[in-house]
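Labels A, B, C and D are assigned to the chains in the order they are written; within every chain, residues are numbered from 1.
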Amino acid sequence: MSADLTELYQQVILDHNRRPRNRGRLPTANRVAHGDNPSCGDQCDVFLRLDGDRIAEISFDGSGCAISQASASLMTTQLKGKTAAEAETLYQEFHDIVTTGKEPAEISDVAAFAGVHAFPARIKCATLGWHAALNALKADATTATTESHTD
Amino acid sequence: MSADLTELYQQVILDHNRRPRNRGRLPTANRVAHGDNPSCGDQCDVFLRLDGDRIAEISFDGSGCAISQASASLMTTQLKGKTAAEAETLYQEFHDIVTTGKEPAEISDVAAFAGVHAFPARIKCATLGWHAALNALKADATTATTESHTD
Amino acid sequence: MPSWKDVRADFPILHQQVNGRPLVYLDNGATTQKPRAVIDALVRYYERDNSNVHRGLHTLSMRATDAYEGARARVAKFVNAADPAEIIFTRGTTESINLVARSYGGKLGRGDVILCTEMEHHSNLVPWQQAAKASGATLKFVPFIGANAEGGLDLEALDRLLTPQVKVFAFTHISNTLGTINPVAELCRRARAVGAVTVIDAAQSAGHAPLDVRLLGCDFLAFSGHKMCGPTGIGVLYGRFALLDQLSPDETGGGMVVSVDFEGAKWKPAPERFEAGTPNVAGAIGLGAACDYLDSLDRVAIRQHDDELARVAYEKLATLPGIRLIGPTGERGGLVSFAFEGVHAHDVVTFADEDGVALRGGHHCNQPLMRKLGLTSTTRASFYLYNTAEEIDLLVASLRRTLKFFIG
Amino acid sequence: MPSWKDVRADFPILHQQVNGRPLVYLDNGATTQKPRAVIDALVRYYERDNSNVHRGLHTLSMRATDAYEGARARVAKFVNAADPAEIIFTRGTTESINLVARSYGGKLGRGDVILCTEMEHHSNLVPWQQAAKASGATLKFVPFIGANAEGGLDLEALDRLLTPQVKVFAFTHISNTLGTINPVAELCRRARAVGAVTVIDAAQSAGHAPLDVRLLGCDFLAFSGHKMCGPTGIGVLYGRFALLDQLSPDETGGGMVVSVDFEGAKWKPAPERFEAGTPNVAGAIGLGAACDYLDSLDRVAIRQHDDELARVAYEKLATLPGIRLIGPTGERGGLVSFAFEGVHAHDVVTFADEDGVALRGGHHCNQPLMRKLGLTSTTRASFYLYNTAEEIDLLVASLRRTLKFFIG
């Protein structure tokens, strides 16, 4: 049934989980959104300082499994400095990786998430932080739940 | 499963069904009650003229299967002239007959209903008119449903 | 075209004697029998995959969730819904209608009108009476035409009744007492023109004919698994997503909330919002198997088969002395209701049972309709894919015997 | 004393491999597995007796009705109810509680108090939030004692909270997250003293211990078939008859009315008044078979077995580094919840699954409780009659592996 767990818990993921980047509440944030994964209780707040259309600063806070924490951490490193449109594109790429397992053309840390596709129940974990970030960009302070999005 | 139907549809029952006694609305009634058998839609109104504690006149009206119509018809012939207490006793006897199949000690037309006990689904039919009559005696104009009584 | 004789072999229950005679099951309007494939799906689930759904991350729970959500997708396909999220699993038609009547009914108020028809089953009538009482809305009824309701719904009256005040129009697809097939697409079209939300009671049609919610253009549609070869305790409410999304939940509790604190809760979107607590997982999976089974036979063929049996039955029954046949004289769903002068339905059913023939007698949860027809009960023979023309002959022979006994 | 090894042979699902390892099913708090006897009862019903109930007069319908009402009587005996009419069949605990919260909730008003506890499952919390909102009543909570809720309910606080304004006191028998066994008879006694109606959530106790509603002295009691070896989609609301008899129906439709006209309807008495539409007939019969099965093993023995496993598990788990064990340190129901410093429940469950061990991780529909404990999720191992001491060793070994992977 399940593939080998080392496929899922790759070194990059374990590293981000142990030492999350950009973790905490951003004092200068002018956008914030909250994400919930109701099936397991994972939560993720994403804080942005938008400078015009560009993400000048970003952080996340919350609690959840290794996959969701690592994904949120990596997401912050990916989105910093990007425009809303660029963020949307990056999310699409990430979504493709975790749902199909196809690794991206360019070498990138997000490739570590390709193993998720073999564990469909964990796709929601991997996308929780991204959903919250996109919602924050839309200045939409409503909760992002992974259940109301089609992953 | 079912006993022979001629046990159920005895001659006395067919006769009462074809030529019901005391059928119609009693114009002089001072008591009336309505009975329903919700499982099959049978209905029975019983009209009484009580003279003190005694049933001076009685009639029934309604629609239903041969068992319920014959039973109501026979019931009117049994209760006419009886006191409320006597009526209650007669009902108990009748109830014993239809639930156990034991024929009464004295020769009586009600013995024809002994076959009902082999058709438990029809016990409600056989007692519908009786329930309405007892409710009418209690000056209780509420509907008698066979479902709210333990048959 | 399926071989209807082979179909009988799929249903274990049919191969038994009742009162010493081969069972002739003609009570399909009440509930249908289950093919081996549906029974096996239940057994397989309990023997291999049983687990709670949604909240689990272990293998069995993922399998159970996939099977349950797979059943939802299967049912969505069965009625051609645009999205599996439009399929809510309930206990049956009655609960489905209660759900709409309460959730959508909560949006109604004084001055609003709920429109039903005079031929509704109690389950598509009493919930609307309750909704009207709770909201102050008025309940009105589209009448039917003819002393035996042979003329169907009065569509001219409908036009007068369908005012902009009408917020809900709830009607049956096929009448369980009359056999009338209502022009549901047309009814939806007219309702839409005044902005009324439509609720179709498809209890008698879901297992008997192709059903396409987008072709019908309805907003809600309700049906029961047990009337279409599925298990008991499972049914469906289809709801157009844009509408569902606006509705408050009906029952509340585990599984339908995003977050809860001591003060209050936030709801998940549809369909979860409407499925509080552990659902009937095995029931949903069995219903999915029933959809597969019916589609493997082809629902167009099933409709032809059932309707043809009803036509033959209608013709043969019409030759019986003192019979009154109810409902349409021409096209009808797979059932026939009738009443005899001088012999009560209850007695007819008892005699038929002695001959192994299972019929239903009574008001069929249609008391107001019965009263308008001047009846308190009818006898009903209702057909399904495993019934045969020979069984109709057995029915007619049994009825002749009954008439002979009571009338001579 | 049953031979617990033989008991495993009764459950077909247990004899399979998951991820190449023998299945160790420790998610019984979510749902239990089904013995052959229950599966067979379903098959037998569909193969021999299936028919609609109550409204039928033919042989199959009488058989189905007898079997359905027989199941009601069986369940009445299972909880020692005075009368089968006190047993209402529902989909499960959640629906049972919704039914009381709406029907009894309809009698509440401003100034009234609904009392719950801080350890309630969402299904015994959100329906009361809704009832409070609808009626204007106030919802209050009995707190628990201790940073890990190890002290159980605060009975002194209860005495202060149980004022004559309290109209309903709803509480769980066994907490599905903590394993706490509440002193329910005592809670009922105190509630009765102020005239409050009691509602017991017996979801986690019904299949695990003897249950006697008259000994407990409760007014309502709710449980689910699927958590006690029974089928999915069936549950029970027990209600004291004198109270049930005063309640308005919840859902309406066919089968629960005495008479209906276009204007309104008259209700049947309990239990029919609360069972609108075709019920889950097979489900009820399967639940009756589950009662037979559990009583054949003896519920006192089951309780000892489950609680002993939980005791052993608690002791062995306590030796793991960085573990935080939740709930009572002494007597507890057959489950243990725990959290690790630095490893999330989600990851624990995924690793355990690779070892064939089925656990649950999350908030267990207990978010407010979790929040008070300062947690967002725990891992839960919950035991039942087919679990063994060896399985606990497999659990502990799996957890050690997980800790090694994440913590080193």
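Following the convention adopted for this analysis, a residue touches a chain if its C-beta (ideal position, glycine included) is under 8 Å from a C-beta of that chain, and two chains touch if they have at least 3 such contacts.
Just so it is clear, the structure is predicted and the values come from calculations on it, not from any experiment.
Student: Give me the set of chains touching chain A intersected with the set touching chain B.
Tutor: Of all the chains present, those in contact with both chain A and chain B are C, D.
Student: Which chain pair shares more contacting C-beta pairs: A-C, or A-D?
Tutor: Per the contact counts, A-D leads.
Student: I'd like to verify one number: the distance from the centre of chain A to the centre of chain C, where each centre is the average of its C-alpha atoms, in whole angstrom.
Tutor: Inter-chain centre distance comes to 45 Å.
Student: Could you please state the distance in Å, as a whole number, between where the Cα atoms of chain C are centred and where those of chain D are centred?
Tutor: Each chain's C-alpha centroid was found; their separation is 31 Å.
Student: Quick one: chain B and chain C, Cα centre-to-centre, how many Å?
Tutor: Whole-Å distance between the two chain centres: 36.
Student: Counting only residues that touch at least 2 other chains, which ones in chain D make the list?
Tutor: Correct list: 18-19, 55, 57, 59, 257, 259, 346, 350, 353, 361-362, 367.
Student: Considering chain A alone, which of its residues make contact with at least two other chains?
Tutor: 1-2, 39-40
Student: Every touching chain pair, please?
Tutor: A-C, A-D, B-C, B-D, C-D
Student: Would you tell me which residues of chain D are touching chain C in their complex?
Tutor: 12-13, 16, 18-19, 23, 25, 27, 30-31, 33-34, 38-39, 42-43, 46-52, 55-61, 91-95, 97-98, 118, 121-127, 129-130, 139, 141, 224, 226, 231-234, 251-255, 257, 259-265, 276-283, 346, 349-350, 352-353, 357-362, 364-365, 367-368, 371
Student: Considering only the defined contacts, which chain C positions touch chain B in the complex?
Tutor: Spelled out, the residues of chain C in touch with chain B are 18-19, 343-347, 350-351, 353-354, 361-363, 367, 370, 376-377, 405-406.
Student: Which chain B residues qualify as touching chain C in the complex?
Tutor: By the definition above, chain B touches chain C via 1-2, 5, 8-9, 14, 39-43, 63-69, 119, 122, 125.
Student: Write out the stretch or stretches of chain B touching chain D in their complex.
Tutor: 1-2, 36, 38-40, 120-121, 143, 145, 147-148
Student: List the residues on chain C that touch chain A in their complex, please.
Tutor: It comes out as residues 54-55, 57, 59, 62, 65, 257-259, 266, 268-269, 272.
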